[in-house]
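In the two assemblies presented below, chain A is common to both, partnered first by chain B and then by chain C.
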Partner chain A sequence: MSEFLQHLINMLVLGGTYALLGIGLTLIFGIMNVVNFTHGILYTFGAYIMFIVVHQLGVNFFLALPLAVAAGWLLGAAIELTLLRPLRGSDIDTTMLVMIGAWIAMQSGALWIWGGVAKSVTTPFPEAPLVLGPVSVSWLRLFVLAAAAMLIVVTYLLINKTKLGCAMRATFQDQDTASLMGVNVDLIYTSTFAIGSSLAAAAGALLGPVYVIFPQMGDLAAVKAFAIVILGGLGNITGAVIGGFILALAEELGAGYVSSGYRDAMGFLIIIAVLIFKPTGLFARSERVG
Partner chain B sequence: MTRTFRLVPTIALAVALLGGTANAQTIKIGVNEPLTGAFAASGTYVVNGAKIAADEINAKGGILGKKLELVIEDNKSNPTEAAAVAEKLITSDKVPVLMGAWGSSLTLAVMPKLMEYETPMVVETSSSGKITTTGNPYIFRISPPSAIEAAAFKGIVDKLELKKVDFLVINNDWGRGTAEDFSKMMKEKGITVGAIETMDQGAQDMSAQLSKLKGTDSETIIVTTAVDQLTLIFKQAAALGLKKRIITTGGSQNPDQIIAQAGAAANGTMHLTTFLPWFPEKTPNPEATSYFIAEWKKRGYDFAGCTESFRGYDGIRTAAAAIEKAGKAEPAAIKAALWDIKVKGLNGDIVFRKSGPEGKESGQSQPNVYLIEITDGKIGMKTL
Partner chain C sequence: MKSAIAILTVVAFASVPLWLRDPYLMNALITTGIFIIGAMSLNLLLGFTGQLSLGHIAFFGIGAYVSALTSLGFDVGLPFGFRIVHDPWPPIVGFVLAIVVAGLCGYLVGLLSFRVRGAYFVIVTISFAEVVRLVALNWVELTQGPLALTNIPSITIGLPGLGDLTLRTKLQNYYLVLAVAVVTYLLISRLVHSHFGRAMRGLMENETLAVSVGIDVTKTLTLAAVISAGIAGAAGSLYAHYIRIIDPEVFAFINTVTMVIMVITGGKGSLAGPVVGGMIFGLLPVFLRPIMAPEAQWIAYGGVLIGILFVLPRGIVPSLALRFAKPRKRIEPVTAVAFSERDVKEHA
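Now for the complex of A and B:
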């Protein structure tokens, strides 16, 4: 029983960060319809910003987090302005190829600047875990869970309750009508991509200190983010959050009770099942197809 | 205008040709190591050790009157890339001998290429038994296979009072091979083998596996993987309140890096290693060890890397000794000479003995294995 409780605690902590990765991508992939291959490298970028700000500039850990998020926002905006804006209206394959190119170029850049050897970030949290009866969890991971939850709520409110969020939804539903209603479509494109990118950077900045930081760390994260978005339904923020927790649960229980060798396969087995039985995602609203 | 543009490729061609002639003045050794990906830290250390050996040899006049040149390629911790890199080094760079490829799965992927192009390779790190038992006569290994590690460990299991052990190993030829060889030895000693858990080479979160191991009735966990994953395991085990004894194998632990990155979580852990840079006087070749460590420090490398980098140093010196003995930089001659050399390695004499099926034996030297323990952030030696 205590082992099962420990798996559940692990699932909560892991699921929070998966959810954060998922909502960032669902904004870009689901709402903007851009197959964003740079999502993983923005995650990596967020983690390296933490490393630089904390270790090379000597800034406080908690101040470094918003800086990493801001840096992710800026890089996302730059990608949208330089690569995506000139390509708007071109077919999905062209955009996809450009994004793959950007991913490879940026990952090689990270390798060139920081080298392939993993870095680690020291945190102000105590090493001894919080022990609650039979289960224990590290303070750093609890903090990561809380920060992820906060970011998820903020994003949800931003999309559903603010004027900017309303304009974003309107733009990607019908660009022409939104434009006629006085929405600055260009600005909406840039801000949506920048917000999605800053969430990826936030996930990297939060998870970098939990694990280790290296140029390819974003690859597996990006694959999982795509999986979560497909699981939750394209563009569905609540779906991405629940999808994140389902993936984490499948991995934890799969590794704990089936076989640890197939841990990463568990999530993908679920996705195959979802694609077979509910191809629009678990939480997608029903759409008219014909 | 057009004429100027045509000049550029002509000059480039001339430079390339001249460069080609200049290259013939050197003797090349191909180095196939993971410089990016999951094993980047370890591979980079091995290459830095290899460079120290090459510089030392060149400072003493090179080999056969020529400069030694290392052609270093990154195999990206990926077996497919490792095979491609070997092919590139042999066919395009024309190296007569290789050193590589760090991981067992990487080395196993390279092995068919060695057969195809009849080029020998000094294996400096890999420990899967399969490498020297499948009948590849181009393999000359200076690192201990996991069976030798297990045999060395056998002597101390009574003192450690092992009763029941679990395994947590990297899910590749290295990890699975170690679990197999150690299980066999444990069973011979009457020790019960419990759960055998695996982790993907790129996995960063082992909490699920560790939570499971926390719940078993074993008192010891044998862990096999490289330093980055080990650091994460110690941190995550501490966060889960896992209090069992952890013993690591494979010699790629870089204990000082573990102490620096995992902190108190590293205390009480034990490690089977193949080099003792902390106690040069206790190594088989104290003078060479002291020289190597001094040179390593002089170049500003992290001391933690010594336990890994010494293999690159020994590997290059082994290949160079074979070229010298062969009297020419040709693959067949070097392969024959590798059987006749005796190199004073930092971890004992490197002499190759036959291993594997008759008629196509691989070479295997018999390095020493040590057990160390981390207590209060310090490294102490345990007698095997």
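Now for the complex of A and C:
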């Protein structure tokens, strides 16, 4: 029983960051209809920014987090402006392949600059975990969960309560009508991609210190983000949050009770199962697929 | 005209070992040839049915593992106390089994994944390849996991009246790969210009219209997936018996991307496209190696992929073909349809 409780605690910590990844990707995928292969590299990028700011610039750990989010925002905006804006209106396969090209170039760039040796970030949290009866959780992981929850709430408010969020939702529903109503669609696209990217960078900056940082860490993160988006349905933020926790639960239970080697297979199996049995996602309203 | 170019190209490739003595370059040519066969099979799906399968390396890897395990033998336990013990068979049987098993997997994946289109199809195919990779990594009893399958025997061909010939040298493997590549090219060429090929392209241009004129979508797409997977399996088998060691890294996503880059650069939906794109990207590392770090090479690949899509979105071969094509009577926007129509006429 206590083992199961421990899995649930781990699931909460993992699920929070997965939800961030998923929200970022569901915004981009849902609003822009871009299969964003650079999402994983933004996750890697966020983690490396954390490492650089803490270790090479000597900035406080808690200040480094907003810096990583801001850096992700800037990089996302740059990718959108240089690669996606000129391709607007071209078919989904072309943009997908361009994003694959960008992903390969950027990941190799990370490998070139920072090398393949995994790095770790020292944190200001005490080594001893917080023990609650039969389960224990490290302070760092608690902080990660709290920060992820805060970012999820901020994003939710941004999408549902602000004028920018309203314009984003309008663009998601009908781009042409939104444009007729005076929504600057180009600006919405750039903002969407930048926000989505900054969330991926935040997830990387939060999980990077928990594990280790290496250039390929984003590859699996990207696929997991796709799994979450497919689970939750396109452009569905609440779905992405729930999807993030479901994936985390599946991974924890899969690793705990099946085999730890197949932990990362859970995301893929979920993708295949959902697309075969309920391709609109578990929580989707009626939407088109493909 | 076209067949003259094709025959000249084959003769040129066949003459390479006569003047090229450098073993490193020969090795690069053989692996490039194997990847070109893979790229041609990918082109059948990507270029002629319009389905971007990013899990194509799964069929290549399955072919490699099936062929290697057939010729090495294995002994695995299954649930409920069953055991499968397999004694080594000749590699040429492995080659045939690789095609059959990869084709079967293509059938199953096609059956499941063609229920969705576009981005979803892409994601299902990626997921399939990753699951297969994780199985290859974790089913250590069968695949040796990360320790790799080693000492895979070379392919032996029985020659009538001459006894058995084991293809050990680079020269022999070069001609084997060339022969398989030529057969693949001819097979795909026949397919594309048949009724089935027109059905595939009809689906790519307009699925609704194709259905309305009586084309069976699922049957056509699944058959294309089976043939494509079978060819990829053959390429994987060649790879296993040439390299003679395979590990789960053969399933790496980057290998699919390499094939996709070859097809896109050369020109999807063009028969010669994967060959041209494959030669460029297969041999580029050889020339870049002395001047660039491997990471920088990959940055260049990413850049080239983006650049090609921006500058020559249809790829090198179709763009060149358009440039040298005879002027048409009426100037019209050249679409993929117009191009493929002319392609058919020239061949007929």
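Some observations on this one:
Please note the rule applied: the second predicted complex is superposed on the first by the 285 of 290 C-alpha atoms of A that agree within 3 Å, B and C clash if a C-alpha of one lies under 4 Å from a C-alpha of the other, contacts with A are read in each partner's own complex, and residues count from 1 in each chain.
Heads up, the rule we're going with is that a contact is a pair of C-beta atoms (placed from the backbone, for glycine too) under 8 Å apart; a residue touches a chain by one contact, two chains touch by 3 or more.
Since we're looking at a predicted model, the values are computed, not measured.
In the superposed pair of complexes, A:269 makes contact with chain C only, with no contact to chain B. In the overlay built on the shared chain, the residue A:136 is in contact with chain B alone; chain C does not reach it. In the superposition on chain A, contact is made by A:216 with chain B only, not with chain C.
Contacts of A:261 after superposition on the shared chain: both chain B and chain C are touched.
After overlaying the two complexes on the shared chain, residue contacts for A:111 are found with chain B and with chain C alike.
By the touch criterion defined above, A:186 lies against neither chain B nor chain C after alignment on the C-alpha atoms of chain A. In the superposed model, A:2 makes contact with chain B only, not with chain C. Across the two superposed structures, the residue set of chain A contacted by chain B and also by chain C is 111, 259, 261, 264.
Touching chain C in their complex are the following residues of chain A: 29, 33, 35, 83, 86-87, 90, 92-94, 96-98, 100-109, 111-112, 219, 223, 226-227, 230, 259, 261-262, 264-265, 267-269, 271-272, 275-276, 279, 289-290. If you check the complex, the residues on chain C that touch chain A are 50, 52, 112-113, 115-124, 126-128, 130-131, 134-135, 137-138, 253-254, 257, 260, 264, 293, 295-299, 301-306, 309-310, 313. By the touch criterion given at the top, residues 35-37, 40-41, 44, 74, 171, 197-200, 202-205, 207-209, 211-212, 214-215, 228, 231-232, 235, 238-241, 261, 263-265 of chain B touch chain A in their complex.
Contact residues of chain A toward chain B in the complex are 2-3, 6-7, 10, 14, 111, 115-118, 120, 127-129, 131, 136-138, 141, 211-212, 214-217, 220, 251-252, 254-256, 259-261, 263-264.
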